Structure formats: C-alpha cells, structure tokens
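Scrolling down, you'll hit the structures one after another.
Presented sequentially are two complexes of subunit A, the first with subunit B as partner and the second with subunit C.
Then we have the complex of A and B:
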C-alpha cells in the first residue's frame, strides 16, 4: 500500500526580509506534522540558515530571484528542499567548520552549514556552478505524536 | 510583524543593550550598528540582555564574533544575560559558552564586571 504523503510547494522572494515569513510558514507545517516544540525550533533554524545562505551567497545579497521550498511529509520523515537558481558552487569544496578552530580564531560567518548538519538527520547538497543549488534536509518523525499526514 | 529592536542604556559606565524580537540575517546589521556605536563611544564593558529576544540564527551569533576580540583587547568584554532556553541552545550548539561569559541575570553580569 503506498505510504501517505503530503507535499507543499512554496516560493518566496529571495530577500532577507522574507526569512521571518519562511520560518513562520515552515514552523506551522512542522507543527501540523506532529513535531514537538524543540524539533520545530530545530527545523525552523536549519531552514533559516539554508535560506539565509541563498540570499547571501547564491543571490549575493538579494535580487529578484525566488527561493523555492518543497516540503514533503510522510509517516517517517519531514523533508525540506531549498532550491535556488543562483551562482551555485562546487559541493566538493563545501566544508563544515572545525568549531574548535573556528572559536579559537574568532572567525565570522560560515556557521550555517554546521547548524544544518547538526540539527537535521539527513542533509544533501547538490549544486551546479552558474545554475543553482538544492539543499535537501530531513528530520525523522519519531514517536512523538505520530505524523499526521492529514487528508 | 515582530521585528527587532535594540535599546541602549548606561548602567554605571556599563553599556547595556536590551534586545527584543528576532535576530536573523536581516536584523543582525541593527545589532552590529549598536555594538559599533558602543565601541565608537569608547564603551568596552558591554552587557547584552536577551530577555525579550525570541529567536537567533547564526547571523546573530556571528555579530558577537566580530567584536569580541577588539573589546577584550581594550580590557572590556561582551557579557550575555537573561537568555531563554531556546536561545541558549543555539549558543550551546556552536560551542559559544566556551568563549563568552553567559550569565543568568543582568545583575550578575554587572557584578562580574565590577569584580574585574
């Protein structure tokens, strides 16, 4: 029997003043999926970091291009795909910062990737320089309230 | 819209920045300006009170990294107080408690400056 699945497709202007609306929207969907407050906060922060990176790096501060969000909720996991058609990058050069070194050298920036990896259960980056990036991140729905893919 | 506000007060020579609302990539420049103003006014003993802050992302945390070294070189510090569990968790996630003095209450932050 096919697993019940719910999909949301959202599009936001790629400017930093929309991060608040993105967070609020994703939080509401995560709440509806049955996550508790702590997990909702984690998902909210991970999505914020991914979208803030789109504005800062892919769109280099802003512009008219959109950020596309696809949220897929099934009985086992909550997946968010953040996509942009910005500058893209070589994913082989993507490194999580060494936090000990980061703190000792008091570096600024570059923490978003670390946060996303720490807070989410599965993370995958796909990017083509000049074409854009997809960040796919998932959180497993454990035995909180069972996922409600309400129909 | 909840937005973000920084209120600046002076408490016996210590600059106190009271944060309200959410601190993300969009609002972080407002905090950056407030901290820069403290430094421009030669105020290097700074307390940041998080009591009314509801959200922080790495862009907000990064602001403190940009100032901490300069402030400490001038025999000052940036002490952080009144964080909710939600905000503290983000600091903790990145190991920031090892680098910053995080106190439960603003009064404790003030006392720890006075002991120095």
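Then we have the complex of A and C:
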C-alpha cells in the first residue's frame, strides 16, 4: 500500500542558537521516515547549512524574523523547504565554489552551498531580492528501514 | 554545545573537542586556536573522538588555523574522527589538507 504523503510545518525564531533544535527536530522526522543513521546525518547537516545561511545572510546575523520549514514525506522522497522573508538574492549569481580554488586560496564563501548540493539528491533555490528565499532540497527514500525478525 | 579540553604534552598542544562544532560554537574554538597560534604554538593535536557534528562553520575555522600553522612552519594533526565527521571532511575535500590519524599516540609520534 503506498505511503500517504505527510506534511510537517514548523516555525523557528531565526537565531543561531535555535539551529540545534532545528537539527534535532528534522533528524527525528527523517528517522521516522525510515532513513538510516548516515542519511539522517546528511539531512541534518544540509538543513543546518540552509538555516545557518538564513541567519547569517538573509537576516544578517539575527533578529525576530522566523525561519519556516516545511517537510513533505511521501513514498519516494523526503523534501525540506527552508523559507525566510529576509534580504533575498539574485539566484543567477549563486555559484557552487570551485573546491580546488577554495582549498588552495583564501576563503571564497559558498562552502555551505557546496555541502547542501553534495548531501542532497535535489536542490533548488528560489529567491527574490528584498522579499526572501526558499531552499527546496530532497533526498530519495530507498526502502532503508530494515525489518527485524524475532526468532 | 562544544566542550574544549586543553592539555600540553611537551611542545604539543592537545585539544579534545566534545559535542557539536557548528555556527554557534565555532567561534569559541576559533578563539582558543587563534590564542595558541598567537603564542607561537606550532604543534597542534585535535582529538575529535567525541565530536558528534561538524558544519561548514567548523570546517572554516580548522582551515583558517591550518593555514596559519603551516605559515609558521608548524603542524596540526586531527585524530579519531567519527564516521559522520570523516564523511563531511571527505565531501568538502578537506582530507587532502589535513593529517588525519586514528589515535593520539600516532599523532604524537607524527608531531615529534
């Protein structure tokens, strides 16, 4: 029987001291969706990077604006949408860093974006300068939950 | 939450990190490491056996310190990474930049 879609909507104050609570909450939902520990760790880190970018760049260090998380779980994939109503940016200027250049020269930024793209199967950024940003990232569910047979 | 326990073995500064190295906690590690580097501490051993989580903020601090230590002809060694932390290093290509060893004993040998 196909798994019914589940949606979770969460709202957190956009401050860096809430990142741990966000990670823990998303981890529990990922665990419930059937991911193994390695994949839960990947999802947790991707969400942390996306939310840390909101606090640092969209909210420029903090404030009272919220970070909105929508998590959609169906039989095929686990999707997280991180949304903010912060400064926004021109997505055409968003580039994944050249890691060889990053590692050999000075910091050029974008390490968090590189990590999100590496960890997740699908990543999409939508942003309007002055209005806010949505980061939509998904991980495919590959029937990872192993059943335990009691003997 | 990140706990940093600092000790000294001869000319090697040993820092054991326990907890999570993220946006919130990376500044305390940066302060500790910059302080050591500014006191001309050339040999650093970071025991990561109890480090449960690292994000790009933590990686940036380690990269910055590694560059400073290299610039003063010193050496920084990381030990005992948990598999999830090791995965983040590999994913970011950071394993090429750091000496990562399985134990503090091996790291002390390498630093002497």
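Following the convention adopted for this analysis, the second predicted complex is superposed on the first by the 139 of 151 C-alpha atoms of A that agree within 3 Å, B and C clash if a C-alpha of one lies under 4 Å from a C-alpha of the other, contacts with A are read in each partner's own complex, and residues count from 1 in each chain.
The rule is short, and it goes like this: a contact is a pair of C-beta atoms (placed from the backbone, for glycine too) under 8 Å apart; a residue touches a chain by one contact, two chains touch by 3 or more.
This is a predicted model, so every value here is computed, not measured.
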_Three-chain arrangement built on subunit A, subunit B and subunit C clash or fit_ = clash
*Contacts of A:52 with subunit B and subunit C, given as first, second, both or neither*: both
_According to the stated criteria, A:10 is in contact with first (subunit B), second (subunit C), both, or neither; which is it?_
neither
*First (subunit B), second (subunit C), both or neither: which does A:41 touch?*
both
_For A:72, using the defined touch cut-off, is the partner it touches subunit B, subunit C, both, or neither? Pick first, second, both or neither._
neither
*Please indicate which partner A:123 is in contact with in the superposed arrangement: first for subunit B, second for subunit C, both, or neither.*
neither
*Overlap the subunit B and subunit C contact sets on subunit A and report the shared residues.*
16-17, 19-20, 23, 41, 44-45, 48-49, 52, 55-56, 99-100, 103, 107, 111-112, 114-115, 118-119
*Under the touch definition given earlier, write down the residues of subunit B that touch subunit A in their complex.*
1-2, 22, 24-26, 55, 57-59, 61-62, 65-66, 68-69, 86, 89-90, 93-96, 98-99
*Mind listing the subunit C positions that touch subunit A in their complex?*
1, 20, 22-24, 53, 55-57, 59-60, 63-64, 83-84, 87-88, 91-94, 96-97
*Which of the residues in subunit A end up touching subunit B in this complex?*
16-17, 19-20, 23, 41, 44-45, 48-49, 52, 55-56, 99-100, 103, 106-109, 111-112, 114-115, 118-119
*Tell me, which parts of subunit A touch subunit C in their complex?*
16-17, 19-20, 23, 37-38, 41-42, 44-45, 48-49, 52, 55-56, 99-100, 103, 107, 111-112, 114-115, 118-119
